[in-house]
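These notes concern the structure reproduced below.
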């Protein structure tokens, strides 16, 4: 089956500045692609290129098997939610949402039915007669969503569509989007900064940085096997701990040594059959460092560490300790007895460790 | 010491629609007040009223001990980050940021120093010569922040200032804001939908709904002792489980009975000296329901429950079970063996339970 | 030293040179001449400016004014008395009485005449007339007959521009020609209701209707000089127009009597259009008063009269100026004027604002032009004429 | 204190204009009203005489023609200029490479004095010299285009020349409006699958409603004051078939020395304008208030 | 992989036909634009050709034909020799008068109009709409009515016949329009900008100067075009309120063109008219560059 979206060697520059560099992505029908990356890395620009709103500098773009590189936006059969909303200022909310349908000749009854459905879903049914100027930020954002949701395009493009909603509503909306995706088997490209959103919604995540794709993979791949230091550091909150370590062969396994200020180095051992250089960066997520006794597993290894800082955060408590010259964060349960300035037994789950080359940043295992 | 901001019986309506109803808040110097509430509840409107950008319909407002109800915005000594950014479109980023200083007659050298400092902090130093139209969403938001941060006002007002930033940057910014708060002892009113932001930054949280304040308290109070069902449900993600239960006196303790579909009711017992009615809504956060064996505590009680759904989410796995006619979520560690359709032993931490009256929604314990 | 600010609307090449002569002479006599030319609408624009100047308390010293407008301004109390110059220069003796009368306000002199234009000229293309064996007509019947003949020969008999003032010009020549000088006086000068409503007037309108039949259908809005060009170029045979049309012929190198002929319009009489300068009250500013007097003296003096009128195509207002240098048309004009002055057939042109004040004149023109450009019956036109005049009184 | 001052700043800024308008517009209208009740001839006189001037005015067929012409001319002129101006603005807004040149071509008629362009138009429209002759010269002997000399059609030539002269400016006005619309919104509409013309009709043009008000006022002003146009093109003729109130008024005030009559016609004209403009203003300003 | 590079022939066809359609549309667009340009240019064509003919040719030939023999004499005459009264120096001496009337007139009325519009759009107070309506209605006052009382006023102010007097008159009667233009442009600018500036501590004038003026380029152009044209081409005020030394170029043009009983020199008339319009055209070209799109880009979201 032809990919619904196929981008080849796409380049985009504003004058001398290259914004997107050799982007290659393809999406199968029914894929839910989430684009993540630091602010300013080119996500919105990529969506704009897909939608045909910005002329591309080079490369090719197919939608549903047809070359769309030079086709005008309105003929691409795409629905888009803009980061800046871009609501029609003179139209009421209802009109904003139904206008596209009206133009496409959907009959009045269907329009109204669709409008009602979407408005209820987005909880904006009491606002239908307002103008955008009379709405709150989150309400505007939902109207922008509504405008896309009444359509059934080949491809949805969502640019941070939930950023201004409260947590509860966001969870609800996320569920609705997931439903939409599943029931309609819609193909979606979705930009978000919310990692939970990315994880729960995506079938495929693209991580970008400075206009270059860093990794494409399923959420689990991205999370568990980040392709490089950037991805490792970028995905997950709090970020993965990236700890410089010295590696030595020790029979079939590796002996890993991590320096500690004013203490003997911490020594761990990885029995997996790997081929590691002498210096590595060891990546371990905070949740893979637990309080001793709260984590079970074949490769869980314990060690006592000095606690530098304790940060309670509702459900969890974060504990920070200095390892390998870095602040290493461990995620503990809320009732931990850890106190700053006191040692604590921590359990490291080595099965979860990623190793990276210090120079290139590329993954080693 | 006089409160830095003192709002008394503030009301605001647009025509016939009451947006804010009898708002009473006061902030001591150095307070970090976080406003949370569902989209459209009136948070931005409240900020606008504080800033003097919207005339208020009733009530009074003092800043630093002076009545400011009718004072013009520019004389209130306030800095504000707008939810919609409101950047000056014809000015470069640098000009956008320094404009306020220039207006206030700060000398050139100081302006440049401040600009440099803030731009570095916000990581927008390479964008200083761009116009807002040439920036990404997150970059715009940071410029909006920059405009506020170069000043040293009596009061900062931030309206969702980090909503369009990626997680990493957001954490960094959050830290910077916290630093700003601590080093300058600045007084801040801050709107956010990010609960972690709310929890980690606030010294005081105000929860609003439909223009009415629901609860004012420290983050711990709000999280652990929500004043009513709304707050309980609103704060925390995933939300607190709110389970209808029957209560019976059982000597000094309460016997709590929760219905289950096709099974005998789940029975728990709360030994605390409380005075509960026969029907209650029992509130328990997902993290207070753990897999048996992973939670210790005096009042942890175990029971076997049927698992309806398992949702892995990176660091955690959520497990949903049907209790009291509700979908109850438990937060388990990532390696749980729970499988949908199979029973699982869960540990309920009754020390953490909140009880609410079903009719009024008010907290009972 | 004498100073004069002169408001006038003589701006085009020939006219301007003519006034420049006056300016020269004024300067020679030590005067300071400030020129304030405002052309447009046959002086309308100048009159507009004049009103603004008067109201703002700063009137020009001398203004090109003519006909009853002089008296009208006098009634507003803004004109100066120049009787002492007039008497000194014996204007009363050298000016035709009718024309002198226009220069007087309440019995004293308040304006100085410059020239006399004859309005009731009919110009003909000599070649066409000769080819068709037509002599210049002396009655309207003759004219009609000749026109029919020309029409049959495929030549537009009458070149005409359909502008209200041109319609009025033709109209007044017809009134004069068909009704005679006395009727003209009654109808268009005295505004006698009976005359205006008379059968003669109906006949006049009938003739107007006939004349329209002799005009090509593209006449509306045409400038008078384009009509003249039609005669010059042999597209049309006749044009009824004041003697300024001669300037166009001459400018195009045509010779009177060779290429074109000039004659009085059918009938008897002389319709004049006299340009003059009125002196405005400038208070007791001695320089300006002196300027006014000097100006008045120079204007009427023979030397200026001669040079000016040679330039402009009109004839001197003085009867004692030698016409040796003038062309035949001018000589004819002068001869007729002197003759007609004696038998009362020297009459002011209504179409050029000499006979009536603005309001009734305009009212009449409205009817004339409406009649000429529509299918209104003569009876209806006469009725409207009476109404309009009554309304304008 | 400074606060109080501040609240007054906007009013203080408006004050000079307000005072100027009170004196130079409403004061003068009052003066005109007064004069319309007098027998003023070439110069104003201030003795009240009654409503005689109005009676006379309504008895004048020429005034009727002038007013009817105003409705006809005004209506057509405003509508056509508006439509054409908007259309050209939209055309020019399509990233036209030679926009500068074309824009100037569309605008230049405003720059030329009608006294002279009127002559050119007169020639072009004249059946003997202009278009009719030219087309007939191409062999279409039956071709007629004689509006200029046809009393029933001459008013349309005024419309033609008027539109020619003013539509360029309306285009500029609309172009400025178009350029102020946020590009993101247009993008959103494009993605929404809205065809270009609908984007204009449904999104851009509605958000330019205030610009329409500007165009309307400017055009009404031009329509009412069209004086040069008529004088140069037809001189009000054939007959007075193309007279407009402005030419009537001018004729009365300055050619015929009947200020009282001119004043009364001015008052009537303003009353008519008032009756047409005020409801529009009211609805327009109301709508903008929220 | 194979089907990723596979492009259906239909798709290719459709996109070429779409591209063809687009080109056709574009061509049609240009055709329309050029057609209208021709229509607009028609009278200019007549004027220019006439101005290049000799008077003889005009008298004898067709009025709207191309010149048989080109002469620039009429232009020279118009510029420096045509008589505008006893003075025969063409339009040259009058240009400067118009310039020193028009430039201050345009600047003052545009600036005040911009300030007024700014108040009406962004600083509304009770009664502001009423004042605005009064101002607008003022746009309709017939100049014929204004003329005489204005003359009296100028007399009282001792400005009669002076250039400042003319500037004053043009400013006053231009204000209604400039205010209208700016007000109706400013109401479309997001209010958030004013708010942000207020928070930044800027007051009324500062906000106007720093935020609004830079946003106003297109409407400034419109206002300048309008006012410049109105003032430059004004005849009635110019002829009524000027003195001998202060007559604007329109009065001179009128004097050249509009004589009643003199010989008509159409070629000089046309050349004069074009010369008199050159400064205005210059303004159109220069100002036209600032019809810039998207000045508000990136300011607010929503």
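General observations
As written, the chain order gives the labels A, B, C, D and E, with residue 1 at the start of each chain.
FYI, contacts are C-beta pairs under 8 Å (C-beta built on N, C-alpha and C of every residue); 3 or more make two chains touch, one makes a residue touch a chain.
A quick map from chain label to UniProt name: A, B = sn-glycerol-3-phosphate ABC transporter ATP-binding protein UgpC; D, E = ABC transporter permease subunit.
Source: prediction; values computed, not measured.
Common partners of chain C and chain E, by the touch rule above, are D. Taking each chain's centre as the mean of its CA atoms, C is the chain most distant from chain A.
With centres taken as mean CA coordinates, the chain nearest to the overall protein centre is E.
Two chain pairs are in question, C-D and A-D; the one with more C-beta pairs in contact is C-D.
With centres taken as mean Cα positions, chain B sits 22 Å from chain A. The distance from the centre of chain A to the centre of chain C, each centre being the mean of the chain's C-alpha atoms, comes to 94 Å. Here the spacing of chain B and chain D, counted between their Cα centres, is 59 Å. Here the spacing of chain D and chain E, counted between their Cα centres, is 15 Å. Counting partner chains per residue, chain B has residues 72, 84, 134-135, 137 touching two or more of them. Each of the following residues of chain C touches two or more other chains: 40-41, 45, 48, 51, 55, 223.
Residue positions of chain E with contacts to 2 or more other chains are 147-148, 150, 203, 235, 254, 257-258, 294-297, 301-302. The part of chain D that touches chain C in the complex is made up of residues 41-44, 56, 59-62, 115, 119, 122, 126-128, 146, 148-149, 151, 154, 231, 233-241, 250-258, 261.
By the touch rule above, chain B contacts chain A in their complex via residues 14, 36-40, 42-45, 83-84, 134-139, 141-142, 159-160, 163-171, 193-196, 199-200, 223, 233-234, 236-239, 285-287, 290, 294-297, 311, 313-316, 331, 333-335. Those residues of chain E lying in contact with chain B across their complex are 190, 192-193, 195-203, 206, 210-211, 214-215, 294-302. The touching residues of chain D, when paired with chain A in their complex, are 182, 184-185, 187-196, 198, 202-203, 206-207, 209. Taken together, the chain A residues at the contact with chain D in this complex read 48, 51-53, 72-80, 82, 84, 86-91, 99-100, 103-104, 147, 151, 157.
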